[in-house]
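To keep things simple, chains are lettered A, B, C, D and E as they appear, and every chain counts its residues starting from 1.
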Amino acid sequence: MKKINYNDKGSILNPLKNLQFYARKPVTEPLGPRDASASYRGFHINDLNKCIGCSSCQKICDNAAITMVEVPSIKEDAAKGLRNLRPAIDYGRCCWCALCVDICPTSAIEMTREYVHTCDGDETDSYFIFPKETGIHGDSFEKGWTKTEDSDLLDRIRRPMGEMLSEARIDNFDEIVDGFTLEMAVQEASRCVDCGLCEDACPAHMHAPNYIRSIYEGNLEQAVEWMYETNPFSHVCGRVCTHICETACSLGHGEGESDPIAIRWLKRFAMDNVSKTKIKQIARKGKARKKSGKSIAVVGAGPAGLTAAFDLVKKGHKVTVYESLPKAGGMTRYGIPNYRLPEDRLDQDIEVIQSVGVDIKYNVKVGTDISMAQLYKDNHAVVMAIGLQMGRSTRIKGSDHKMVVKAVDLLRMIPKGDKVNVPKSAVVIGGGNVAMDIARSMARLQQQKYGEVNITLTALEQLGKTFLADDEEVKESLEEGISILDARGPKQCVIKNNKLVGLETVKVISIFDAQGRFAPKYDEEDLQFHQADMVIEAIGQMSDVSILGEELTEELEWNRGRIQIDENGHTSVEWLWSAGDMVKGPDVINAVADGHRVAKDIDRFLNK
Amino acid sequence: MRPENYQAVKLGDSNEYEIFIGPNHPGIEGNYAFRLMLDGDIVVSGKADAGYLHRGFEKLMEGRLWIQNLAIVPRICVPDPAPMEVAYSMAVEEIMGIEAPIRAQWIRTMQLELSRVAAHLFTFGGHAATTGMYTPMFWGVADRDLVLDLFEDFTGGRVYSIYNIPGGVRRELPPEFLQKLSNLLDYLESRQNDYDNLLFTNQVFVERAKGCGALTQSQALELSVTGPNLRACGLAYDVRRDDPYLVYDELEFDIPRQKHGDAYSRILVRRDELFQSIRILRQIIERLPSIKGKIRTPIPNPLSWNVRKGEAYARVESSKGELAYYVVSDGGDKPYRVHVRGPSSMHAVQTLEFLAKGARLEDVAQIMFSLDACPPEVDR
Amino acid sequence: MKKELKIKQKERTNPLAHVFDDFIRFCQSKSLFMLHYCTGCGAIELPPAMTSRFDMERLGIQPMVTPRQADILLITGYVSIKTLKRVILTYEQMQSPKYVIGICSCTVNGGMYWQSYATAKKLNEYMPVDVYIAGCMPRPEAVMAGLQRLKDNIRNDKKEHKGSAWKDYFKRYDYYLGNQQALFGEDWQTPTDIIAEAKLYGLETEETYGKHTKLLEKHQTPLLPQEMRIK
Amino acid sequence: MNKVQIDEILNKVNGIKITHKRKTRIRVDVDADSLPTLLELIKGRASYIHLSAITCVDWIADNQFELVYHVWSYEEKCLISAHTRIDRGSEKNPAKYISVYDLFKPADFFERDIFEMYGVTFIGSPRMEKFILTEWNGVPPMLKDFDAEAYVQETFKWTDYNPDWLQELTDQGGGIAVKPEDIRTAGNTHNMSTHRERDKAKAAAVKANDKMQGWKQ
Amino acid sequence: MSKHKEGHSKSYEKLKSKTTLKEILDVAVSFEKTARDFYTAMIPKVSKNIRYIVEELAEEEQQHYDLFLSLKNDPYVQTQLDERIKTPTENHKFSDYVQLLDLGDNPDDQTILQYALAREDAAMKQYQDLADNAPEGELQDTFRFLAIEEAEHKLELEKKYYEIIHSGGPGN
């Protein structure tokens, strides 16, 4: 580099040397816009099909330029996490920083290389645009700034959850999943974009974004407080919830590897790390000081019944819960094995509910020990929440043999401590989670007794396509040595000399018809025999509505085998409400949601 | 106001009169005003009048999420926006206790130097224009535009890159980028003679600039003058070397200086600095391909990102001087306080007022441009 | 411009008037001077547009340093309240016909400074705007496109009434003055007599006057030469 | 000058707390009374002659202003940030502090800035007057209790857009659902979705649920 | 199954003796009427909560009854039959392995469905048989048609069976 001496005077002729410029090419660009660079941040486009309406773009927008508009022609589905909201962008605010592009969980919103927009003074409406697949003027331009792996602002990968290895867990009923450590939980919670899709999807509308936020901030008590606002079964749901929320989670909608937030495990983490006394304090918050003088009977101490009882007690009513079994919890206790939901956790949930003032009467069978009519006489309102505690049978040939049993009956025996007849080999019919539960429970019992597992599970449904049980369950079952035979329909239980020897199945060719309705087709040529000392049927459950008594059954309106209720769970009989599995099908969180609904309606009814 | 209401009032006997320069005035850089008390054409005293570009940045930043602020910080100094992003990101990183990956630091360094090149080219033109020469302005701005093309290439934006993010940079360099950069540097070096002939050794300019707005070193230190303006007074002080950040301690570069502290010294320092930046960029072109790895340290999802309690004072050397960000976090999802210490806040107010005293009216614009003051840094 | 305001003006009777008008519009559109006033950050893209690379002179547009001789006022982005006062002074000093171009998001709906206590949000509340150019900031090419649009509007004004937004300032002076007063206080006044100008141009309408112009009359005080500055 | 030596000098000031954050950063906490002494000391004895900045932080919860003086030494290549806290004062009795203009000339700019933005009067500062905010009549805007967003919403009107596509959507029964202003909450809380959005979404969810269950037509 | 065949043997003979389309449809209509009456009579006997099944069965039989009756009076009956025969409904055999129980005094939902399934199955088989033995032409087509109708009804019942009995599969 040439040095210029400060003391030089310079020359007046120097600039003239630049006359050579007349011989150089001009640098002027032709009129009209040039092509922008490959990563240019120009006007937005939005793939309306990819967009799920999570509003993350709106929240990240530093200029409040994004308005969410409702597009009625797009279908909404809360359970799948789809809203019909789509972003509209105000170019009177936007600064083209592309943060909306980088945060979009589904990479729907992107930027093009288009950058020229002018309008007359009275046409400012053109500054408010609704980006679609084409940009602001409807022309298609090449894409500019799109999300790359580096620019992605979201953490796509779920923190791994520690699990017991299959060898360690197969001979006991200890809980399989380790749970998060504080560090992992905070990291996992930090992934949440607070879109609220989970809250919309959750039947009980648990404030998941709020408690995830509290966990991120390390305020677990606050998190538990948020949970108890909507769910007194937080321990249970933190472990065995069907987590529709995670299906809806906007992070799970991403392309490629993109896991939803482990909302269920976070809930579990918060619940496990707040002391019981503290939880009891939290649960009592908002309890009415004054007693209302009204009393309510709840039949069945399952999640639905107890949630209703919990809410009603907090409103100042007197609630008595009648339970036919020696302990409360319903299916969560007598249907879910300990390795998924340890009993002490359930006990704690129930203890907290009782501590608020819910009175549970155990071993009282309504219908025999006390009649419905009597309940009505003693109380102002009655809630039926007896669940689906009876198993269905396939009623194939040989299914009336004593070694052909129903899964729910067996599952009930294990926590009750009854002696279970453990067979050397067993076949389970059914592909739902109940089938998995019984198969895995029996596997554990077999391992304890014989040192080996010999369980075969046959299901109509096809693995990976139509299978009913959760993928996790299937994976863990396979790890535990259970063989799963999918797409097989039961033909008959083979009985020789009055002794059960096994099950015959045929191949299922297809299972659903064109309309998506169930219409299985069998191929009789493909016949298999599975040797077994016991056949366990886990195909479906039903409710024992006989306890209502004939008179009440006649008085009630029914809807396809279930008690007919309105949207608040109120039956056609004025003093009777029904909630939970028996009216809504099996699901804990649905039952809890139902409990709330019913409680709210009863309270309204009683205050009328 | 109605014309019939005008009423001429005779002033006193003094020869002094007050005139305004700006905010709409070609001799003022940006939207800035200066009030002068004149005796003849000699300035008796001057008073800066700022605030025309005041947007309340510091207040705005307290109301936005940590990451959202990245979009607004470059706006604080328009001709040289990159150091703003980097300084803010560095401050946040220091509070969080994380460090950007090495590759990101190299890319940031490259961005800073490119930005410096662009800013200096812009200043040459502006400075020359205040002395009545418009050709350097046409050249400088056109050459600067070539740098902006490169910015557009790797950051997606021409002027406002919004390329940094606490923890690194947002995007990998596009393919062939370093080759393009190298070509540009070749071109800029080839232009050196043109600029020298046109401006730096042009007698008309040299005579105008020499001795105009001279500062001694001790005056400069007293007024907290930094950057090229301080180096023009003979003190070889540069934040890049004395308080090293990013990868400047691995790079070789000289710190150009002059002794006289006047407008000509200042523009010569900038000229030399431009070529030092080119030298740095050449080293980066050489080293960058061998530095592999990630370009971002992960940060939590920005919508729920609490930065832990703490404070940091991050300083960088912008083309104007020492630029610093003082960021305070109370553990929330937004900064509790961000203070921007723009170098021009020293240059454009007290230093300018000091230098204007006794200067001639026609030199005031040149003095201001030679200080390379950026009004929005004063106003924020 | 919500409704057509009736101008108190005589019918033009000269049959050649329209020919002249056309010719004048043609000439105007070919030679425009742009006031060189950098109000906001979008101004940084003007030097490139003006200089060698994009060369605005190809459109017949050149920067001009004084408002009195300029045709176009470019509002390059946000205007702080302090600047807005000067902008209005400048605008009123410009000779008609005059054109305003709003560049960047900020002139439309506050832009990224929408939360700022110090900037005005909507330019068209304070003066009529002819053309907007989107971007934050718009590239020189976009600026050129905007200027081209303005040229076309001026040229085709007769048909579409687009190139005469400046008339609106006179026609609805009360509205603009009201917004200015809301921001600067009741005693806001400028040295330019807009109402007199409106009369001169024959652009008086019923909305030229109103309660705000009454306030102006009420608060106006003689301006002393040494106090010809904004408070 | 090494760490021990600088500590020795700093420790001459009463009630000082020294934190060496890194090689080029030292944080010092002192009483408001002894801050000028400290600055004089480090300027005179340890070559800290460059006042980089003075920052004011409004700790409204503690009813205090924190003043931070960032001073750099060209020789030591180190920055001392001297923190001190003063009473926040009230509207009638604004906060006051001593100017350091006689030590550092640039304090003029910074102190004037703090005076404008926070309303702290520096006794002895040459120009305690408005500079940037000459057109501003409200409270000092940087105070935490000045809610800029509320002020803006009150003072300014926004552009009311009504483009064709929006009209079309509104005709179909859709239209604007969540405005950007709706999701913003004041203060340092999280950007939580509003109840309005929540309630709307909940209602939609319940509706969808009802459809799924297929009770009562 | 044999038991049922016997039970229907009388009707089998009755149908076999018929020679025209109209006559056959007459008999088919009367069968549907019997079935409908049977289910209708059963309605008050079953518990109210499962009554809907029987009601629906009666309803479906009524629909069949109406269909056959309208066919009988339709001048273009032949073309309609042809149409239908072209797209036969397959027997999926899903319910074939379900053991048949006697309808006791107080049948549960599953039993009723099983019974209905067996009934449709038998009818389907019977018409199938008749079609195989009948001479080609109008007569055979009629039996085919009837067989297809019954098969379809059976398939519908199977779907219902699954939905009612296999519900609650995906448990918690």
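Keep this in mind: a residue touches a chain if its C-beta (ideal position, glycine included) is under 8 Å from a C-beta of that chain, and two chains touch if they have at least 3 such contacts.
Source: prediction; values computed, not measured.
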*Neighbouring chains shared between chain A and chain C, ordered by label*: B, D
_After masking chain D, report the chain groups that remain joined by touching._
one piece
*Would you mind telling me which chain pair, B-C or B-D, is linked by more contacting C-beta pairs?*
B-C
_Far-end chain from chain A, centres as C-alpha averages_ = C
*Quick one: which chain's Cα centre is the longest way from chain D's?*
E
*Can you give the whole-Å distance between the Cα centres of chain A and chain E?*
42
*Between chain B and chain E, what is the gap in Å from one C-alpha centre to the other?*
89
_Roughly how far is chain D from chain E, centre to centre by C-alpha average, rounded to an integer in Å?_
81
*Distance from the CA centroid of chain A to that of chain B, rounded to the nearest Å?*
53
*Touching two or more other chains - residue numbers and ranges from chain D*: 133-135, 141, 146, 148-149, 159, 190-191
_Residue numbers of chain E (touch at least two other chains)_ = none
_Where in chain B do residues touch at least two different other chains?_
51, 54, 56, 59-60, 63-65, 71-72, 142, 160, 303-304, 379
*Which chains are in touch, pair by pair?*
A-B, A-C, A-D, A-E, B-C, B-D, C-D
*Once bound in the complex, which stretches of chain A touch chain E?*
240-242, 331-332, 335-336, 388, 392-397, 399-400, 430-435, 437, 468-469, 489-492, 513, 517-522, 524, 538-542, 545, 550, 553-554, 556, 558-563, 581, 585-588
*asked:* Show me the residue ranges of chain C that touch chain A in the complex, using the header's touch definition.
replied: 1, 52-55, 58, 100, 102, 105, 108-112, 114-115, 124, 128-136, 138-139, 141-142, 144-146, 149, 153, 162, 165
*asked:* Could you list, by residue number, the parts of chain B that touch chain C in their complex?
replied: 1-3, 5-9, 11, 18, 20, 23-26, 30-31, 51-56, 59-60, 63-64, 71-72, 75, 78-79, 122, 125, 137-139, 141-142, 144-145, 148, 158-160, 376, 379
*asked:* Under the stated contact criterion, what part of chain E meets chain A in this complex?
replied: 47-53, 90, 92-94, 96-99, 101, 109-110, 114, 155, 158-159, 162-172
_Touching residues (chain side chain A, partner chain B) in the complex_ = 1-2, 4, 6, 8-12, 14-15, 17-18, 21, 27, 36-41, 56, 59-63, 95-99, 102-103, 111, 144-145, 148, 150-151, 153-155, 187, 189-194, 212-213, 216-217
